[in-house]
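Pasting a structure here, questions to come.
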């Protein structure tokens, strides 16, 4: 009992961590591109990124399942390349989560990049910093808070995801059975005690982790900042 | 057939629109407070806001169902005040969606407010603008893009939401039966043609609406902006 | 007590990690008061404290009868309730609005509306820029917008933090003239921070000199400048005579304007059409650099130098190779800087009667 | 062709909605070139074009042998590949870093490392501020950090956009001295935008005057200033004589320094300890305001005025009530502004021999 | 709230039927007749039996509940949510084997089915045995056949039998055990699993005590339990309540 939930917890953390890393790797350049692109056609890309949000997860899962099955191109290609079936694999739930959580990572980053403006980047360029250097030495530190937001939203949303993972993952213990499914199973199986324990554990654990993240992200010298409105209220 | 889906569409739009409005009304001051608060205890509030994300929607739905039922305090209070049962009502799914989508509205706004800085607000104050005035005349226009992001994420996430609404809404046609559930029902009832048509319609419709939103939000004079990095790549 | 002219009373202290501001000073709320001091002497911080942007200030500030701050009584008026305008060192324009939008922002929130926006646009030469976005403006254009915006808010007290630093002399002169006119029209007290004594000379009635967070000098601008003449260790200003004198003839046939000292001696300076704007109660404000004045023992002849004043040496102060003479001519002290060599050659002593000579162009109303 | 000294060749045009920049100018890559002009004349835009921040520029820019821009050949070097430093009009410091962090940012990305960070910190007086955050700095402190940061990057060309506008005279002098020293040490060409001719006089070898997006004058600084003397309609500068003269005696017993004209006539000015730093190839740069010089027909005596030069009137130019004389003394033109009244009284005519007189203090090495 | 009260009134006359997803298509067909016969308008709320059960225990405004199992109706009866004596079996589920890899002919008799089951595929789809009745029956079947140990690690479990069918239909998994009714409704063929290999899948209904339309609910119950209706239900792949399908013991016994 505790063993199987622990396994689900581990799978969940692995999946959410991997998904978040991939999301940041894909989402950062995408957000940058969208923030700095001036062509009007970017609205199409923006809309496509936001699209997975509108389809209910189960339905999105339904279509992903079709796409991932060996009958269709994406699934076929995967099978040819890796020798493994995509549907019902750990990779499948990671890919599904990445698609589903992409807007939660891209959009906050894009807005942060847009609000940043060009003036400090220009200053950096004239101190010999190339684009990559500028990104890591100026953009990243100045938008750190938004990166943390993006990663938190992406991670948390992936942990809570259920419909897609269930459909394309198939609830295989140790591989695709994640905590959200385990919890649902407990509820459905009238195992309320276990569901409550798991839920409360999840809540308290998350609360601690989230608080820790936000705490690390507090401005170091919050005290010296003028807070015109904060105090004037 | 088309009639019932249309009804679900209307319910969905009503729910999502109302939810988004409520989210903006609640989320904006909350985000402002979190952005300007300097006390370390704010991390707890930040974590609590993000919490609903971590619980799978069905499980969150389960607990909300319990809370909203006439047996427990929140449901009781609601019934005493409005004379109506909370669970399985339109109000219930709106409240559920608000709770679930809150972080997607609060976090982008909070980051936007933090990145804004105090200097223009100080300038506004010295031109006799009080806090509310400053908010509408300075903060809002400068963070418009983040408001649109927040509203889009909140709206889209609510449209796509399924688990919570199914659990606390009860899938009652014309009241709590939303599009995501209707779509799911079609899949479950092997009515794939209808599911496909509805999905494609939903996708195209959303694509158009999203693109329109982003298009309206394009900077008016995008051409004159220097785009150091965008073009330098 | 009611008859006292209204004052800005400041009695505050404020600490940063490496800097303390301690000010106890009453400033009359009439005309323009200059604030002058080295970089990092606390000028901006003082303005921020008066306007309400420094929350951590301790003490009292009152503007006329209105208490802005009183830490003891826990009074802390919000910035937007103080009706104090501030032009920041960096202009802080709203970049989501056009130039016109920025100006209208101020007009909309202004109670009195004694000024017309079109007049101010005219005076600050912003007409062709009204629809420009802020990031399309040059540095000087931004400063003009910031100044116009602050004036249009018609505050009860206007604080200017180096509002003209990015402007060329010509624009500076124009804007200073405008500020003087508006100051009079609205009877609006102004505190004016600048590194340029020239700017301050032109417009200020009183001068406050700051150093390391403290008031070093305060008083009538001429008096303060004369006091600074003697602080030789510190190159804060050029030694000079600073004057406000009545005009007896605005323009003679030779293009000279005549000023008169109390003992009826005349001072001639080059006439400028702008004098009409600069006359304050019939007096013209001007200054003569100590280094522009020379000394002769006999009344000079055959020289292009038009100004010859007879006076008595009041004080001789030597600093290395330079000597500063204080010479009294008709109740007015003049300052003359000569070399120790000259002093020795002419054998100058206190109480000696001598002639001062300086060119008409040495009498400056504004640098040029 | 290889023997030509390296030049910055600019041949560009650039259009904004209400402004056109059209520049065709070669600027030698030696010493410091001043850029002077009214607000909104296009100075900042020119610097942005050279540094690569204006993408929409059309034409050619080359720095020595390196093509920075050539629209025909579709060459457009990225800003970070140009090794051109720029101190912006607004300092643009990284507010996520401390003062030291900002300086180290430049040092880390610098290829040569001929300068020591500690030396620059010392020279810019930033030692006590190293751990401060950027938003804790005063306006002048920010400018010092921005200047130090740009220098530490050791670019091949340094562009300065009013880098000292928020600083008091004393800090300005110190920093200008530092810039001269570093310019020589690194043999680093500098373009220096300023509204203050005083600053430019002090340090520039060449001067480029801009008006409405075009080059109005370019050449040796003394020559350009003398040309500007005659443009009376436009109050761009104060009329003056601008000189670089060899020092024959650094300091005599009376605290005077002696300069010598080509015909061996002497000019005396007050000695200052800082002259040692200011001597360039044995020559001292100085200027004498036309209004500080007076004319006598006979050699004056009994006067505290130490400088008497004998010369011939080359030209007389009258503008309203003012007259500008060009007087040649030993191959050097001097400019004298007198009133029409004086000219008439002394009956001055071209080719007449006269005496110029001016105080030692009228010979300025830096305005005060 | 104007909207919600309006909607509630409009919905008031409808008979609300909460039905397990696997029976929804059949119910929809039956209801056409029912409404024609009685004039009672209906509203179908389809869902997982578990979720519907939870909702009923928290006051969901349903009139009648058609579960996919007997366990939840019993639970509801015991906790007093149902009208007395309203718990009835309205259909007996039949499990079927389906494979998208094999043609009908290859698996149209039980011998070949056993042969095929004996070479286990990489992945095999059933509904979640812990929560879905068809899943529970599938597990029992595999245990009876002695194949559980081999199959357990290869299982893809759907949250309900509907999801299992979707996973099979998409060909993401090629074989599994699903409801026979699903095959018939989709014109697919598979092999019906003998009902003696698992506990009967008794799909039971109850009338909700809080219902204001108990009379109409009673009418629907009578309609569903009528012989005519039973025949129709059976024609959609449900077992005849009297004669469970059975095959000779010998042919099915495990190796």
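Order as written gives the chain letters A, B, C, D and E; numbering starts at 1 within each chain.
Going forward, contacts are C-beta pairs under 8 Å (C-beta built on N, C-alpha and C of every residue); 3 or more make two chains touch, one makes a residue touch a chain.
Quantities reported herein were computed from a predicted structural model and do not represent experimental measurements.
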item	value
Length of the shortest touching-chain route, chain D through to chain E	2
Shared chain contacts [chain B and chain E, defined touch]	A
Greatest separation from chain D - chain, by CA centre	E
Chain of greatest Cα-centre distance to chain A	C
Whole-Å gap between the CA centroids of chain C and chain E	92
Chain centre separation (chain A, chain C; CA means) in Å	59
Cα-centroid distance, chain A relative to chain D, in whole angstrom	56
In chain A, residues with contacts to at least two other chains	62, 122, 125, 131, 134, 181, 184, 187, 226-228, 232
Of all residues in chain E, the ones touching two or more other chains	51, 54, 163, 166
Where chain D touches two or more other chains at once, by residue number	53, 78-79, 90, 136
Complex contacts: residues of chain E adjacent to chain B	1, 3-5, 7-8, 10-11, 16, 21, 24-25, 28, 43, 45-47, 51, 54-55, 58-62, 162-163, 165-166, 182, 185-186
Chain A to chain E touching residues, read off their complex	62, 65-66, 68-71, 75, 85, 87-88, 166-168, 170-172, 181, 184-185, 187-190
Touching residues on chain D, where the partner in the complex is chain A	51-53, 78-80, 83-86, 88, 90, 92-97, 105-106, 109-111, 133, 136, 149-150, 153, 155
Chain D-touching residues of chain A, taken from the complex the two chains share	119-120, 122-131, 133-134, 137-138, 141-142, 221, 224
Chain C residues touching chain D - in the complex, by the definition given at the top	16-18, 37-40, 44-45, 89-90, 128-129, 132, 136, 138-141, 161-162, 165-171, 195, 235-238, 253-256, 270-271, 291-292, 294-298, 300, 302-306, 320-322, 337-346, 357, 359-362, 367-368
